[in-house]
Structure formats: structure tokens, C-alpha cells
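In the two assemblies presented below, subunit A is common to both, partnered first by subunit B and then by subunit C.
Coming up: the complex of A and B.
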């Protein structure tokens, strides 16, 4: 490293290599992405946002919501789940005995503890989970034996992980989910909960608006700052405005006044409602609830 | 470089040549540091009393924290580092600063860009990309200003008397290339009219953030520290082979880190980053060993002076880089992802590592370039303790709180609000640390400000004397 040129060359090669790997290659792999097919469906993912939802993304950016909220769900794995839906003409006690008798089947033999153990305390209520785990041969073997008897089961693929269990989504987030976001704001801190599927968790526009105006009026232990500047508190002239918020007494404005959301607040709320659970994709499969048979 | 001290007339001339641009760079940097820390406190207040800014759109957490982060990086760290680089290059070249008016123009342009960018964020014009929040006009100004300063630095390097390059040269010269390349690439792709679709945007922003907060700051900080440490220790830098090895591995491996393990991108990206992070432990370890071998047993004393600042900075580099790289390990990242931990590590890098090294360097350089002692040396010594205690009190609760929050987030039986509340306690403790850092940065600002005013008054006196004195005596006689 005697000359300035050699230092320049080394630094240029080092940074150039990382530019090639972490900028150029992702641009070519991800920067030209298109909509993808939803599993077992003719539809494509993600849906294009419209109207206020598109404008609401800009409000989300403007006030830096991503500083406290992520929009990405993690998943630790996938599991196969078999649920018992209906026993047909059979009794619960008979079913337990029948299941025990099935354990001689070679595919089921090694699972006798997992299958019969939890069912010992079962009171007959439906649906009940028969199997939850990584194996799928056990599910195929069970379904084969139960179907001829008119016993209905539901075999599903489910994502696992703390984020999924918290109800933040049905599967992990994947690159395809952000196709229509501009800018893409994934967030890096969960001072507040993940918002990937907030529109599915709280699908009521009024709830969203009340939550923005006075977070603790709907979530008692929330630590979110109130965004009162997105609302107008004004005297009621004649009749109350139809879009005025209905608030609990302790958060309501003084008598004769009403709280009306500004267009910005409405756009943000509509954007939040547009954030729905991701559809099952090739790279992130799960069995959606509506597909149960 | 100890030879430079022998020829004191030349040294004074070199120092004086840096005076004007350095005053502009350091003065603005000190002011932005105070504002950045103050805005950080304003942001933290949202967690003490959530409805404090309910009617004030400018100071929502999202605005205040983004503006505070950018003020620390673009307002304080980079201009201050550029000033130190100009001085070190001039000293190492044993030549006066080349084109001194160009970096002066650059400094003013830079500070204008930071002002525009900060106002832009507070008024809601943030771009939404972490660490690249400044809107386009501000970003263009910053890039142009950077080039002006870098041209002068490169010219000074070119005019060096001794062709041999010192390790600081490698680090600081690469740091200039690093910022110019990453800042232009990121802004061209993300803020142009047609940004790439989807998560490619996030990948570019992560690449930029890693190459500035980790590699870029390491190049600046270690380059500066490796200039000063041998002077404080009174002996040359230990093991230049080690240093070269550390430099090469840092730029080769470090540049590939930064894609979070949980990122919703194709798996090869986070996997590459995790492997790069593993390899990046090598340069961090090697650099720490070089610093240790240079200092250990040299009679180097830690005190409130510049040496203390720089030693604290080097120790912070080792610790914060270690935590930063450990975050990329898939096993640990699952525990601390999306918590205050990552935020704490970044603040440690910005304030504890590069911040401390730069404040120490400013205290060391400013009296030399101005040819007079610091106006308030007691405050400077006090500020070391304020910074050191403040930074530890700010960062360590965030790290512990982050782990606590992460463990609770992982267990879905713990309600989300309980996980947040666990971190809230630590967050509130950390605000006291921020207050101490604010006091420390006020001490720095006061020293720089008084020096600037004294210098301007001196200039004014010279001008007045020049107008008055010769006219009376000279005119009459002729």
C-alpha cells in the first residue's frame, strides 16, 4: 500500500463487489418483480391499492409511523394440522377406542403417544386437533382410515412462530407483499405491534379513527402517542356531523363540541384497513380457512 | 509523523492554513450535535408522556427521532470527521491545506443541506428510508458539499512531501470514497423518479446504512484514532502488517453486512450478511489488538483530555462493533430483532465511538489551528465525564431493555403490552443519560463558539487597525 492508487484500487474493488452483490443483484432479482399467483386460486397477489389507501401510505410515511411499527411478520416453520370436524353417527368414546385400535397400523404406530395422549382428557367437543407437527404421512394414514366411516377431518398447513401466534399474520412476510409500496417501510422497532394485518385484526374504520385520536380509549394499556392534530374539534352547528367520532365520556370533547377526522386521518385509517393477511403463496404456503372441506 | 513536530514553523503554517474551513466545519458540527441530542430527548419524551406532542405534528416520535438520528450522522459526525481528515492529511503531507476556500464553501453548503433536510423531516417531507430521510434537494446539496471538501482533501494528499502512505491515509481516503459512492448510489436509486419495485428499496437502504454506520464510521474513526494514539503513547503504531490486514478484511467483509436476518427477502441475502458478519469479527479483533499493543505499557494516561476521549472511542468501537456483528447471528437476532437493542447499538456507534473520537480530536486540533488555548479548558475536561457517563447511561439500559423486550416478544403467552412495558422502564432511565450527553455537547459548543467569536473579533480589530493607523501616519508623511 505504497501509492494512493493502490489504496483507491483496493477500496474500489471491495466496495464495488458489495455494490454488485447487495445492490445490483437484488435490483435484478427483486426490482423487476411482478404479481404472483395465489396458491390454489386463479387470483394474483398482491392486490393494487386504490384511492384513499394509496394516499394513506403517504400519511404513514409523513408522520414516521414506521419508527415504532414494523410491517413484517416472522415465522419459525410450518406444521401440518389435522382437525376433527364431525364424528358422523359415532360417539366420542367409541372414537377414542377406535383410534387406539388403529395404532397397529405401521404408519401410525410410532405416533401412538402424540395421537392418543391428548385425547384422553377430551370431553367430546368439536373441532379438536388430532395431530399438530411436522409429519404428513401420519395425516394421510389417518384420513384414509377415518374417511370411509363418515368421520370428517380437516387437514391444514399452518405457519408457526410467536408472531403468528400473536395473530399478526397467517404466514411470514415475503418480498412479493411489498410490490405496490412506495416507499417500502418495513420498520425495525416494535415499540407498537406489527401492522402487517392490522386491517384484518381491526376491520372497523371507526375503531381505527378512535385509536388515532385517543389510543387509550380503545386499547387501555397502549403507549401510543395520540394524533389529535389529525382531527378537528369544532362546535356542533345544528346536527352533529355524520363522520364525527363517538368517544367514551372521558375522552370526549366538552358538550356542544364534536371531533371530526381530517381527510389525512381518514386516508391513514383507510390505508391501515387495506393491510390484510397475506394470501398463501408458493414461497409462503398455508391453508386458508375458507378452503376447509 | 513525529518528524513534522521538529519543524515548528512549518507546522504552525500548516495549522493556520486549516483554520477557516475547520472552524466552519467544527462550528456547525458542534451546533448540530447539541440540536441532535436535544431532539433525541424530545423524541424520548413521547415514551414518558405519550400525549405530550398530541397537538404538535412537528415533534411526533417519527419526526423527532429521524431528525435526531440524521443530525448526529450528517449534522455532526460527517462534517466533524471531514474537518479532522483535512487537518490530518495536511499534517501527514507536511504541506499546507490545498485549496482552503473550496472546503470552506463545502462546509457552508453542507450545513445548509443539513438545515434543509432537518426542516424537511420535521415538516413531513421525509423520504421514509432509514438514514436517508433527507428530501432530494437536501441530499443533492450534501453530496455536492461533500465533493468540495473531498477535492481539497485529495489535493492535499496529492501534494504530500513524503510519498510513503501512513495507515491513517488508507482508512481516511477509503472513508471518503465510501461515503461518496454509497450516498450517491442510494439516493440515485431511491429518490430518482423511478425507484425500483418492492423490497429492493429496503435492500439498498440497508446496504447504505451498513456501509455508513458500520464500515464508513469505522474507517473515519479508526483512521483518526490511529493518527492520535501513537502521539499520545509516544511511540509508533504497533504492527503495520496487522493494521494492513485489518484494513483489508474490514473493507472486504464489512461491506457485505447489514441485511437483517428476519428480512422478507430471498434467503441468500441475509445468509450472505450473516457470513460476512462472522468474518468481520476478524478486523474488529485485529484493530483492537493494534490499539492495545500501541497503548499498553506506554505510560498512556486516561484523563479528561483528548486522549481520554479517543481511548473511550476505541473501546466503544470494539464493543459496539461486536454487538452489531452479533446481531447478525441468526440465533441471537431472533431474540433482539425489532427491539430497542439495535437502536442502542446504533447510538453507541454514533455517540460512543465516532462521537467521542471526534470531540477529542476537535479539542486537540482547534487550539493548534487557532494558535491559542481553549477558552474554557475546565469545561472541556468536565465534558469528558459528562459524555462518558452519559453515553453509558444512555446506551446500556437500551441494550438490557432490548434483550428483556425481545425475550418477552418471543414468548407469545406474554401480552404485547407487557413486552413493551418491560422496555419502557429502561427507556426512561436512558433519558437521564441523554441529558448528560446534552450538557457535554453544550460544553463543546461553548468552547467552539467562544473561539469563533474571539477570532472574528480579532479579525475585526485587525481590519479597524488597518483602516485607522496607516492612514494617519502614512498619508501625512508622503
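Coming up: the complex of A and C.
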């Protein structure tokens, strides 16, 4: 075989290139992921999980929660938003006229429809969005004109997309979010809602446990199966146990009985509570809502 | 069968032969060029494989443009750095320490119209006498802010100028950068009289 060496060389380069591109490069980029700094704050993301929450991931995996729930928020766009917070001593009607008079400024001229159009029906209620779009020069130009007049505005960066409109998160999921997930339970089917920020949406431990025991006791039209085998229904001996669930009469056990979560149920609930809204990161920036206050 | 087709066929008793023929050069060049520009297009629309650039951002510049610039977050950052760097002497309440550091709350140096003069203090340090709120101080402050980034120092100055009852304007990283550039590579602790000669 005269060409043996060339065949080896070509095969080596081809396999080596794909190994480099598909194994080494991703590992080098994401395999060494550490906690990252939260924008404009001294804290880091993601927060470390407690022991129970870490064990809860195994329960989540064992009962196949990822078959019906995803843990990934998608984002389709990003926008700059300028909100009018307060008018100072000025009147709403005067402000509309003033805004119209500003349109001679070259930076604002091309935005006159975007800026003045929506304000035509404005009833003077605050806060109101002055601008929502990709441009930030228009915001800088507006703020420069409004600030000396004592008119307070708030410029924000907002992530947009269907998942974000549904309230499942404030930004898209990025690799850093899954730092403490082993394995990562991304999920691919949304028979139920996305759980990326379930701990922020429903921060009550009792709610999470009620929902596992009897989903329809807290979400009227839930299609989730009840995970009753994670709970023990037992007769009350002496005083009711402190961890017993408080349930609506419809779902409560017969008199003299109580529903107590097993350690597995507690771990799963604690894990769900540990899933918080993604903090603003460099790779997924947004202005947190507290900035408006 | 005509004569023409007969002539192109090999004779029946002849073994078929593999012959060499090269693809036209222009096809090779065009294919390579297409591959090259295809690769460039893919790279430039995916942030050059930057691991921090996710869709919908398609470049690091675009991602940079959407980083929040101000707001409560910046104030929190300013407070954190202030308490780590400045608060030890000037106090977390900005009231200063008798004999050691003058107060920042209500100080005319802090509440100046611009930050040009104020920014010289953390960037160069102060030595000698300085009058604050009518009281004379004999100071020896190191250039505590020289190691901070422009944005961080701006956040600290903004925090100082808007806290404990202070109500002065905001500070941008550009303001700090201007002062830093003016100082150049030779910071030298300033005295009160020198500071007064610097425009506000």
C-alpha cells in the first residue's frame, strides 16, 4: 500500500479537526466555567445550592420531571427602554408639546413617529414608556434634554421574547446558569411550564409541596399527575406534625389523618425553590426591576 | 452504429484503463474561495466563537452596547467599593474621623459643580492642609482610587455625591478618564491650594 501514510494522515487530520472543534474547544470554553460576577453588583452567579437542593436534582431526574418541563428560557431580542418616571413640576399636556418641540434635534428627528405617536393617547398616568427599541443614542439625547428640567426618566435594557413575556424569566438561559447541575436537565417538551425560575415565581415551600401532592389544589387546570407516593398519609398521633401539609378541604385527608412529605418530596421542593430568576450577567444583560424604584 | 461512435469506444479486446484528468483550476479556486467566505460569514455572525456571545447578540460589540450603564445597580456597586476602600477612614456614614479624615457628607469639595477637582483627590492623594466646611485639616491621604477602574471610581464618586444628604450630579466613567489622562503617569499628592487652582 503505497498511499498508506497519506490515508493515515488525512484520516488523522479529519478526526483531529472534529475532535478539536467538537470536544476540545467546547470543553475549553465552557468546561472551566466558574461562578461569574453579576452585573453592577458584588455578588456572583449562580448561588451555591444547599445539600438538600443538590439531592433534589436527583429526585427531579428520577421521576422524569424533564420529560414535561424544560429548564431553558429563550430570548429572541433585546431592547433599550426609556420610561418616564416623574414630570417634576410639569404638566402632562405641556410635556407632549415639549416633546414635539424637541423633534428638531437631529438625533431625535427620525424618531418623531416612535416617540410622539404612542403619547397622543396618553392620559398622563406614570410611568409611561417613551421609547422601546434597539437604539440608545435616542435615549441619551432625550435624557440630556429632559434631565435639566427636573423630569425623571429611567433607561433600562430589556430582554424580549415569548418565554420572557410568559414570565418564565427576565433573560435567556446561558451556560453559567447550569454550573451546579449534574447532569443538566434541560428538557425538550413543554407539557408543563418552564421551571427555570419556579423558585422565584412560587417561593413558598408549602405551595411546592401542595402542588406535588395535589397539583389541582393550587393550579386549577393543571395536567400534572399527582405525586402522592412522595407523601405519607398517616393518623395524627398527639399533636399534628409541624411539616404536615395544609390542604384545601377538597384535597385534605379524612379527619384525624395528616399528609407528611417524605424526605424525597422535601428535597425535590427545596431544589425547585433553588431555581431562581437569572441575574443579569455580562453575556445576558438586562436592568433589574429594582433599578426603577 | 456509425463510424463516429465506433472510434471513441475501446476495442473489445482491450482492458479498460483508469486515466488521470485534473479538474479545471478555476473550479478548485472558486470552491476554496466560497468555503473561505462561507466560513468568514459564519464566524462574523456568531461572534467569532466567543463563548459569552449568545443569540440574539451576534457580536461582542453588540453585547457590549447593551450592558446597562447606570441605575440602582451602579449605586450598589459604588456603595460596595466605598465601604471597602474609603469607608475605613471616611466612615460608612460619610462623617469622617476626627484628626484623620474629613467628612464627605456636606463637604464643599464633594458637592462641587463638576467632578474634575474632586477626582484629583482619590487619583493623586492629598498632603498638607485642606479646609473642609470651615475647619482646617492636616492631611496625608494616599492615592486610594488610582488602582480602581474608571467605571468603579465613577461609581464611588457618584455614590459619595448622592449619599448622606449630598445631592450633587452624577459621574460618568468618561469624567474620571479625562482627569486620569490629564494627570498622566505622574500622580503627585496635591495640597489644598493646588486643588483650588484646578477647575471644578
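Things worth noting here:
What we mean here is this: the second predicted complex is superposed on the first by the 270 of 293 C-alpha atoms of A that agree within 3 Å, B and C clash if a C-alpha of one lies under 4 Å from a C-alpha of the other, contacts with A are read in each partner's own complex, and residues count from 1 in each chain.
By definition in this document, a contact is a pair of C-beta atoms (placed from the backbone, for glycine too) under 8 Å apart; a residue touches a chain by one contact, two chains touch by 3 or more.
Keep in mind it's a predicted model, so treat the numbers as computed, not measured.
In the three-chain model built by superposing on subunit A, subunit B fits alongside subunit C with no clash.
Draw one line from the C-alpha centre of subunit A to that of subunit B and another to that of subunit C; the angle between them is 110°, to the nearest 10.
Looking at the shared chain after the overlay, A:175 reaches both subunit B and subunit C.
Of the two partners subunit B and subunit C, more subunit A residues are in touch with B.
Applying the stated contact rule after C-alpha superposition, one finds that A:50 touches neither subunit B nor subunit C.
Touch criterion met: A:183 reaches subunit B, while subunit C stays clear of it. In the superposition on chain A, A:137 contacts neither subunit B nor subunit C. Looking at the shared chain after the overlay, A:288 reaches subunit C, while subunit B stays out of its contact range. Of the two partner chains placed around the shared chain by superposition, neither subunit B nor subunit C is touched by A:246.
In the superposition on chain A, A:29 makes contact with both subunit B and subunit C. In the superposition on chain A, A:162 makes contact with subunit B only, while subunit C stays out of contact range.
Applying the stated contact rule after C-alpha superposition, one finds that A:86 touches neither subunit B nor subunit C. No C-alpha atom of subunit B lies closer than 5 Å to any C-alpha atom of subunit C in the overlay.
When the two complexes are superposed on chain A, the residues of subunit A that touch both subunit B and subunit C are 29-30, 172, 174-175. Those residues of subunit A that touch subunit C in the complex are listed here as 25, 29-30, 39-42, 75-78, 80, 136, 154-157, 172, 174-175, 280, 282-288, 290-291, 293. Across the complex, subunit A meets subunit B through its residues 1-4, 7-8, 10-12, 14-15, 17-19, 21-23, 26-27, 29-33, 61-68, 70, 72, 74, 162, 165-166, 172-179, 181-193, 215, 219, 221-229. Per the touch definition, subunit C reaches subunit A in the complex via residues 49, 51-57, 63, 65-74, 76-77, 80. For subunit B in complex with subunit A, the residues that touch the partner chain are 46-47, 50-57, 60-63, 65-66, 124-130, 157-158, 163-165, 169-170, 173-174, 177-178, 181-182, 185, 189-190, 195-204, 206-207, 211, 244, 248, 251-252, 255-256, 258-260, 262-266, 269, 272, 334, 337-340, 342-343, 409-412, 416-417, 420-421, 423-424.
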